[in-house]
């Protein structure tokens, strides 16, 4: 095991990113899809922090970026959940495959 | 003479039409507008002639330029030479005749005449513009009126035909557009101005790309084989005036474009591609003629024969001699007048007999001598009888084509000549079947032409005779224009 | 000098008649149109005679040679410098002769028609058409420009079309006029291409210049025209042969003759005018017009003319012997006689004594116009009387129609070549010319002259002798003065025209040509001709069974001749089966299913494609996301690894 | 401080309106009709003030940029929103949550303003989210319709996903260049493959917003499900905005990668035109139809963008201006019909000309403009796009683009055919439209006809570009 | 092999494993809990990187906010004990393929890229520094983004209220 550094974190973040993407592709439950989105956003955050820490420590752009991402994630999650709940009311289901009325 | 009048008058007529409520008013306003166009066309002819006599030898007369999108190198640049004047005269004649034969349109009268006038606006604009952009603008402006004329007021499988026509013509203009853009950028001056571009030496490589685009694009309009299939369906489904405009004017836009833009701007490529053009046009001439022979519907007959006749236009252009090009322009004028008259007459017959099937008609000469006599005359014009315009045009094309001494062009000319027999066959088959023989009983009560129809027919016939009996004025008008195109060739 | 205005008037008066009667006839001149047209033409004829007199006896000759005068030349259509269609008038012996013939015969027909067409519904139209035809024919004969001749050539064709189809409600008439137009049109294409070839070779369309250029071996044009060749034949030969095709079409030479018999569907006076005396000789006239070029430069083309003419003459004569419709007999006889004129030209040489054939041909043209018009008008009178064209409905008419009988007999004698009627002299010269230059044609010509006599008298006897006629229904005599007068006038012409010293006026090079009468030489043809008459008399003077027996014994040959050697059927096969089925139908099919099909297939294909890809828009948001990522990765891969 | 007020005037004005609406909503409330009138007046004023006291400049250390062109773009968007408030009056009056709808719409518009003005990636990202999330909520405003919430769900999830991808790209750009400022990024870009990857991930967010194939699949579903006002906002305003910022991002920020993005644009624009057209071909639902047609339109916008910077910019801005009029008019007619008769299928429009000539003509004009037929402005718009795109000299590209115009004409004509030509026993009843809507429709029609013919409009845009 | 290294690897393992489980487990409630662990793992990495502030924000917003929101919504919409429906195999395979390609591409690109390091003076990410810059107006101050986010949150709130209040208006 070598000394962990930038690349390690980048790899972790990339892996996490694609784990999130995988979840987004395969989870049929809307809430779990939303969870996958959160994973994606978190992996990006990790990227920003890592770059800020290891490369561009003279400014705090990466840091601020991640802070704002977190805020946005919250807002997005709130609206998404509101919509999901609304959908649940009308569809009586939050299975994404039940919501395929609009197509072709 | 201010050329923008040619645009303004149809435009004002169209706007006025929109404001009217009463169908009778609409008709008279449309008639007045088109009469004004005709007068204007004559004034133009006269002043043009006057200018030439006074020794004004500029390529284009009455040039006017207005600023329009200067950043693109677009200007509202108008001007005419003899070729354009001839085409404008043709348009004016066809328009007034078209308005007259549509006198009995009852369905959406206002919209109908509005579309007709809009179509004429497009044609005038096209013929007088010296800027490729506005030329294209006017070319496309005419597409929608055509579509609606066929689709709303047409008959038969009108929606299909209207669609086909609009799409194929748009396809043609799409190619034209690309060709124009190529020209625009290759010239190096970033200008759409025809005269400016003409002074440049467009690189041969660009010419080789842009010429076919332009030629085929415009060729679609003028029924270049194998892009002609909109012609039969479109013409046969259109209302009478629509067919007249389509065949009389619209198809000429293509020929004019091939000549004025493709050939004029890109002489080297025109030479290179001449063989292909000649082959295609000879195919169109013969194949169109033979296909016509098998048609049973009058409008189809005329539509297919238009393919054959427009083949002469392209043949003339492809031959690239001054006489042949003059002949091509003459053929455009002649075919425009003749086919408009033909369609007008078909319309009159159809309105009375409610059929266009040749085999369902017989002996009509007895009941409507005026209409049928004109049918004879126009048929004879179509097969190139001396004294009518078709003869003058075709002979000029033939003589011009024959000036090429090589075997290929000679063979092409001979083949093209053969078509006049086939033309005689199909014209006579149709005309004699309709006009002669025992009268079909159900047509016992038919009436001859009404005043408006007579007037329309006589106007067109007068033009046909004017070209056919005294062709020299037209040739003298046109051939300097052809001369200039040929000079660029050297 | 010729008076241009007067000559123009000759041509334009009939045109005036056409325009006036064509537009206003039905309204204002219902009954008077015949008189108007006839008087216009009378004036025209008078002027023509005056002009002929002036030309032949006053100003035509310079230094003993008849000149080609061009009193009028107006550039009608300028193609390019040097190449233009001029509307002009050329005055030379043959054109002047034709002016006289055309106006005179036309006048006769006009007069005859006053009675013949009386009461017809479209009386004004009829005279308008006659006027148009006369105008075109006159324009044709005075043409100074080869394209001008084509111009009037076509007009003649169309007026012929109109007149043949005059009884437009009769399907057979419609078919006939169509056929006439199309067949001649087909030949005209040859003419047109020929014109193109000649014009390019000579660089001009003007007759005088054209002939001058092509017959003088030192000009460049001449050298080029001889040098340029296609398929091993010089351009000039091609040009002349093609022009001759046009001429053959108009003049009903084999195998382009098929329209002529059918053209008899037109009113009989029309047949007399167009299909006997004037239009059909246009071809001969055309060859005569270009004769110097034919004779001096390309004798091979002239040979073709000779053989085609001779064959047509024989061929038509054989068929004429078997026909039962009197007008058809006359039609075939016309074809045969024109064949005579043609080969007369064909065997001729240029200049002096050698140009006898030329003179003879023109002479025969002249006399033929007289007696053939006479025969047709006579036939018209007969048909008017019995209301039938078929010989079987006739017979014994000699007492009922004495004037007709007499004049018809004169016509028959003239055409058969019995001295001293007109036909004898002209035929004599032709035979002489043939004998001098082409023996084989001479023998054919002899046979034809016997055949001619036979079929003409077969006709004559069947009409006027044979069985007794039992007229049924009302009886209206022979027809009035208007019908009889032309017959008499023409009969006089047919009787005495032969005595005109034709060679003094018309010869290949314009010089005076003395044509003598050679007794020894005439014996053979006259004997043959009398034999023919005798046989016809034996067979047809009394009603008997011999003709049938004879026909039966000839079996196949008779049948073939009766069916005109099945040429019509061959044409029918070629047009209907080959052109329609093998070209027209496939072209229409190709257009409908291939060209149009491709266009539609493009449309349908696009729609189908659009329907197949619709499943990508599945409504599944996760699939969308997969496409999203796949798209991004795909583009990234493309631009990182492939398209740098 | 003075600078702050003038430079950020459009944003401040919008914020003011948002809060005013919020207070009205929280307070005693107002009748829908009066409130709508108030909003319309406010928006009109907002639009008009956009023309005064403008000057170029930047604020917040270059985070916020403005220039004549940007102001113009904002004005165009303002105009579009004002037109929306007029055109969909029918729907607004019936809606129970009109003030909230406007709050969200204006918030999104505010986000768009910031987006156009953004000077660094953070601002870009935040305003993009601000421009998206409220729209997703708006999409759900037909609360009792299943389709509406399905559409909203698809939109919010897709956009979250696309944000994730974009952020990943941005993080890589940040890592590679060390800056998020638009002015500094181009100095640090060297065209390495990581940058290519980052750019493409970044680009995919634009592609998502602009509905570029293959990132477009959400579009039609969301358009169909959403209320017409939201749909038109999404298709006109939102797209226009993203196109605007896309221009400056490509021309300025990623200038060093020009070769890359040119080729990229060629590929995706061809794909977009073709796929958009092919899908539009067989749509029955008018909203879906317009959705796919607008995808195809984006393909054309990309052609223009691929051209050189000045002509590309001006032609795209001009086209968006035209597009605002044409697309809004089309949507408005569809909405007028749908809100009265529930007819959303093209077949329902058959024979409409008999009963509703005015609406028919407006629809026809709008569709012709979208199809690019003269004399409508769409012709000029498309032609300028193509001309700008042709400057790079790739004929095949332009030919494909031009041929796509034919396919698009085909389906536009399908609607025209239904309206004008086909016979129908029971055409749509005569529809009475709100006077304000009628006025706006007339205004749109006039715009469609005149914008192209009056060349100074284009010249003005070009002078700013 | 220092303690820090070991801690890092442990945190990494925690993050990745629980992340993976969060997207694969078929018990929805467990998925939420795995997500929680994953987020905590990330917070741990932030701590490890000595970015305490962001770590704190992570825990407060994510763990305290979003995950709770998610769990609430799970309760609202689904019985907690129920197993999630299975995704069809095709979709899974395609997803895996896409994800694998993406991951490979990203890793390769990241690995081969040589990042440059700034030569500037490090700025300590202290709360004071962050706060100052967050509310600053110039010199890279983040006041404007801050305001944008606030508007966004406001709008999100309005949107959520409208959408979520639906039942109330229905009953009213």
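Going by the order they are written in, the chains are A, B, C, D and E; count residues from 1 in each one.
One rule holds in what follows: contacts are C-beta pairs under 8 Å (C-beta built on N, C-alpha and C of every residue); 3 or more make two chains touch, one makes a residue touch a chain.
Computed from a prediction, not measured in an experiment: that's the story for all the values here.
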item	value
Chain labels contacting chain A and also chain C	D, E
Most widely separated chain from chain C, with each centre as the mean of CA atoms	E
Nearest-to-centre chain - CA centroid comparison	B
Contact-richer chain pair (by C-beta pairs counted) among B-D and A-D	A-D
Distance between the centres, which are taken as Cα means, of chain D and chain C, whole angstrom	77
Inter-chain centre distance, chain B versus chain E - centres from mean C-alpha coordinates, in Å	70
Chain C and chain E, separation of their C-alpha mean positions in angstrom	101
Chain D and chain E: spacing of chain centres that average the CA atoms, whole Å	31
Sites on chain C at which at least two other chains make contact	603, 614, 617, 619, 621-623, 625-626, 629-630, 636, 640
Where chain D touches two or more other chains, by residue	122, 126, 129, 133, 136-137, 140, 143-144, 149, 152-154, 157, 161, 165, 175, 178, 193, 197, 220-221, 410
Per-residue multi-chain contacts in chain A, two or more chains	10, 17, 20-21, 24-26, 28, 33-34, 50-51, 55-56, 61, 64, 68, 72, 75-76, 79, 82-84, 86, 97, 99-103
Chains grouped in pairs wherever the two touch, ordered by label	A-C, A-D, A-E, B-C, B-D, C-D, C-E, D-E
Chain C to chain B touching residues, read off their complex	26, 75-80, 83, 85, 147, 150-152, 154-155, 158, 165, 168-169, 171, 173-174, 177-178, 181-182, 185-186, 188-189, 192-193, 196-197, 199-200, 228, 230, 580, 583-585, 587-588, 590-591, 595-596, 598-599, 603
In the complex with chain B, residue positions of chain D that touch it	311, 314, 368, 373-375, 379, 383-384, 386-387, 390-391, 393, 395, 398-399, 402-403, 405-406, 409-410, 413, 416-417, 420-422, 455, 458-459, 462
Residues on chain E engaged by chain D in the complex (per definition of touch)	105-106, 109-110, 112-113, 115-116, 118, 137-145, 148-149, 151-152, 154-156, 158-163, 166, 169
Of all residues in chain C, those that touch chain D in their complex	603, 606-607, 609-611, 613-614, 616-617, 619, 621, 623-625, 627-632, 635-636, 638-640, 643
Of all residues in chain E, those that touch chain A in their complex	1-2, 4-6, 8-9, 12, 15-16, 19-20, 22-24, 28, 31-32, 35, 38-39, 42, 45-46, 49-51, 53-54, 57-58, 61-62, 65-66, 69-70, 73-74, 76-78, 84-87, 91-92, 94-96, 98-100, 102-103, 106-107, 110-111, 115-118, 120-123, 125, 129-130, 133-134, 140, 142, 145, 149, 152-153, 156-157, 159-160, 163-164, 166-167
